[in-house]
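What follows is a set of structures for review.
What follows is subunit A paired twice: with subunit B in the first complex and subunit C in the second.
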Partner chain A sequence: MNWLDPSARRPFAILAAGVLLAIVLVPAVGTSFAVTFGFQFLIWTCLALSWAVFSGNTGYASFGHGVFFGIGTYITAAVLRETNFSFVVAMLVAGLVAGALALVVGLAVFSSPRFAGDLFGLVTLAMAFIVMTAVSNISFLDGGTGVFVREHTTGTWIGSSTNHLFIVAGLLVALCGAVSIAASTTRWGAALRAIRDDEAVAESLGVPTYRYKVLTFVVSGALAGLAGAPQAVYLGYVEVGGVFALNIPLFVIMMVILGGITRWWGPIIGAAVVVALREALLGIGSAELAQVIVGLSLVAVIAVMPHGVSGFVSRFTTKRAIPTDRTVRGGAS
Partner chain B sequence: MLELNGLVVSYGEAAALRGVDLSVERGSVVSLVGSNGAGKSTLVKALLGMQPSSGGAIVFDGQDITHRPATDRPALGIALVPEGRRLFKDMSVRDNLLLGLHHSQARRRSTGLDHIYDLFPILGQRPKQLAGTMSGGEQQMVALGRALVSQPSLLVLDEPSLGLAPIVVQEVFRTIERVTAEGVTVLLAEQNMQKALELSDHGYVLADGRIVMSGTGEELLSSDEVRKAYLGGP
Partner chain C sequence: MTMLKCVDVTKRFGGVTALHQVGIEVSPGEIVGLVGPNGSGKTTLLSCIAGSLPVTAGRIEFVDREITRSSPHHRAKLGIARTFQVPRPLDSFTVVENVATSCMFGRDRMSRTAALARGREVLDRVGLGRHADGEIGALTLHERKFLEIARALALDPKLILLDEVLGGLNPKETDEGMELIASLRDDGVAVVYIEHNVRAVASLADRMYVLNRGRNLATGTPEKVLADPAVIAAYLGGDVDA
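The block that comes next holds the complex of A and B.
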């Protein structure tokens, strides 16, 4: 990768320090509630960051991100059940299979300019239904009854403590964060944002848009697939209705909109806000009412901060001149 | 350097270019003039590989590039300043310029951003400003810079004066003159016929998808036909 900005090392250092601090401190001093809550926040953060890597940068909104996460969960369950391989192997297989699915979908969808606009979103939604149906009917994966993971992880390192799940999720956040930082500071990332703004002009500058879209979609899907692995162990029992629930991709999109994509850390803020809000609203006793409140607060935030929290913050750090029609004489004369 | 031989481009049933022959000599400024809808932008898009042609050939430096993809153009040394500038509005001036160096061949030829900052000092003073927040004239400089940073051998400008205030138009044309003085070959598609022909070595008049007249800039400007049809003269 070719770096645009030599100062790009600083965000990596901040990310590494933050994750290291969390995976050392939280399991050591946190209550079991804090660790469980923290684990959920980290998994949502992985999903939000990995969604934003593709959809945030290129502007192609995917409604199928939950599929890669769900496939990762099911592949992990299958590997742990059918083989004696370790959790780490199962997680890598989960990432690979999710990436392969993204590759097949990406190669097909991006080969036709017909899917360039909103149709891409519909295709990813259709993919969600197809995969969900397939998993329900493939007995190796599920077959419609749900599968137990817990009995295959008891006695292993990963199954013995939520602390260990928290550590794995923390490392995955580090990975997703590193990819996000790379996307905001490299030539590759700049090209993705050029695709979002004007695909035809990007091509005239030599950006291989088809290859970039497919490969980035694969990276995004594989990262979500990896996140499915600790989720499978955490759930203990996986079933199609829960794992492929359509509100998962919707929550992910909401997090990214809320946090904004102006800065790489926007999705992390979005995930924190949504997860905390949902947790806080558990007390009111009605899940539906909680959803409504989360939705309304999203609308409120967008009204105040159209580019999300990170866009709001960077308004104060990025130099923006007031547009004028005056030309500056010194410029070209 | 560039030859179009009987180029035909159709949008579905409608032909936009009906067999265009045109040639551009190395080091010259050639303008392509004509009224709105004559086919100027279509020709530019076909040349850049953004619009497939259905007949004829585009030959650049002796190679037939008719069916080469748009993403190859930076390798060939063809750069575009698109109609309406089409900057990456949410990105900084610097990132816009750097995207002009996305192609490895463009980076190999380039002498870096300083060259552009010398040409347009205002861009050097505000590299972090978001391109979309600049004035029309400044945006045109970013668009020119994004194309020129790759040190192209052929610079294609599509309606560079469109939508700009007269004083800014003056400046854009002065910049084109300075760029050509550096030895860049220019193909200029422009509705502002008077201005375009004044600085051109050669001009082609396009009407309804065909070349209806061609000659040196002076010849066309003094031609009665051109004056009557396009310049509102006697």
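The block that comes next holds the complex of A and C.
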């Protein structure tokens, strides 16, 4: 595996072991509340990891990540309602459609240097509104009434137990985590970070920046689309206002900032903190108060740890943009 | 044989014409000096050749291939390397990783391990070997300028575009730099070299092009060009900067 850095083996092993442990243990010993809570955590983790793969590595902050997630949710609902295909097929279609949407948006947006800066964020926000409006008006997807998924999944493997949803979400986290690790240890990752540092320089060194940006945006969108599939089954009833809620991408961004992007696992920590904090605060009664406290804690974290939790931890170790075998690198600084 | 050929290259920024039907030709192994008063379009021409600025009109050929509309990364892979006037290192990369990036994405598409090893060799050549594992923030201006050269060299280029790589350096560093540039000729690499210090350019260049207000003013051997009354008038009549 010459394309894969030897230093990536350990993270892959930890990721695989962690996910395996979770999908075996949690459904077996956890209460139904724990499994549901765990499921939500895993879905948010997928979103945070997949957002960071593109936006964290390239520095292009996308406010449209919720759209890919939402499209995945709706496509899954539509496939399960309109066809007899299994959940796995519906999930793959959801990932493909979300990836295709990202491809179209990416090809258009990145072809113009005009959108190189902050305008990219605004374009992704505009995309969110356009897609939301489109979905509410396409009767195949929604048409304004919402879609019941539950009646199409009862009696199937996926619809019969939250445990099964948890397992699917766990596998998706493994996939998103593997992609994140790859993006921090391969040629691909070096290209993305060169783009983040200085796009013109990256080009001058031979990095095909347009291709890398578009492809990574597609991967990021497709992963979010996949995560939409178990979400559709979990919700049981999908409607535009909830699925495309703008606080979804905002929460995702918050998780990644909180966890930091210095290490691939930063977004996982961020997701854990935000989900746990929200749940704990919801327990005391007020949802609005919970939002305020989550926001304030974000400000506090940024003040103390400007590079998030993972950056804070990494201050005590080394960081490498192109990590490689220690024996080759010799004495690291 | 001509390696690089710019024919009637014109570049306009809105209503401002930065380059007007400029032509230059460069042969393999040749050091070509590009001089001219401030604002004469030297860096603009370099950016047009490197592809970071699209030309408004005209034609650019490199090794018998038209590259007028090619992307910068494509030109880098064909063998055109450039440095930036104000050094632009990749800040989150170490010194050797900056150089290795060229090896990974340039003509050779090396693996990371091979690229880092090659990066060290190139750093040794420009005298930055001991900084290989250091962070960018620790480098002086002189070291950053030489890192620009190292990154360009690591592309294994056929043509290297140098934009004021010696500007702001002390006499000793300037001598080191000139030696390095002269050594490129021995490798058979063609060099297009912009410098404010006309004397430094004249002592290195095989041929020189003088630009003035975005137009070709003169070309020829350094002796011939520097004795040209039109060149003297352009320098003395415009901003005196050399």
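Observations, loosely collected:
As a convention for this text, the second predicted complex is superposed on the first by the 313 of 333 C-alpha atoms of A that agree within 3 Å, B and C clash if a C-alpha of one lies under 4 Å from a C-alpha of the other, contacts with A are read in each partner's own complex, and residues count from 1 in each chain.
Note that a contact is a pair of C-beta atoms (placed from the backbone, for glycine too) under 8 Å apart; a residue touches a chain by one contact, two chains touch by 3 or more.
Values in this document were obtained by computation on a predicted structure and should not be read as measured data.
In the superposition on chain A, A:L205 makes contact with both subunit B and subunit C.
Contacts of A:A13 after superposition: neither subunit B nor subunit C is touched. Using the contact criterion defined above for the overlaid structures, shared-chain residue A:A28 touches neither subunit B nor subunit C, since it reaches no partner. Of the two partner chains placed by superposition, A:A303 touches none, neither subunit B nor subunit C. Across the two superposed structures, the residue set of subunit A contacted by subunit B and also by subunit C is 187, 190-191, 193-194, 197-198, 200-209, 320-322, 324-325, 328, 330-333. Those residues of subunit B that touch subunit A in the complex are listed here as 48-50, 69-75, 79-80, 82, 86-92, 95, 98-100, 102-103, 105-106, 119-123, 126, 128-130, 133-138, 141, 146, 165, 167-168, 171-172, 174-175, 178. The part of subunit A that touches subunit B in the complex is made up of residues 4, 187, 190-191, 193-194, 197-198, 200-209, 318-328, 330-333.
Subunit A contributes residues 2-3, 5, 187, 190-191, 193-194, 196-198, 200-210, 320-322, 324-325, 328-333 to its touches with subunit C in the complex.
By the touch criterion stated above, subunit C contacts subunit A in their complex at residues 50-52, 71-74, 76-77, 81-82, 84, 88, 90-94, 97, 100-102, 104-107, 111-113, 115-117, 133-135, 151, 155.
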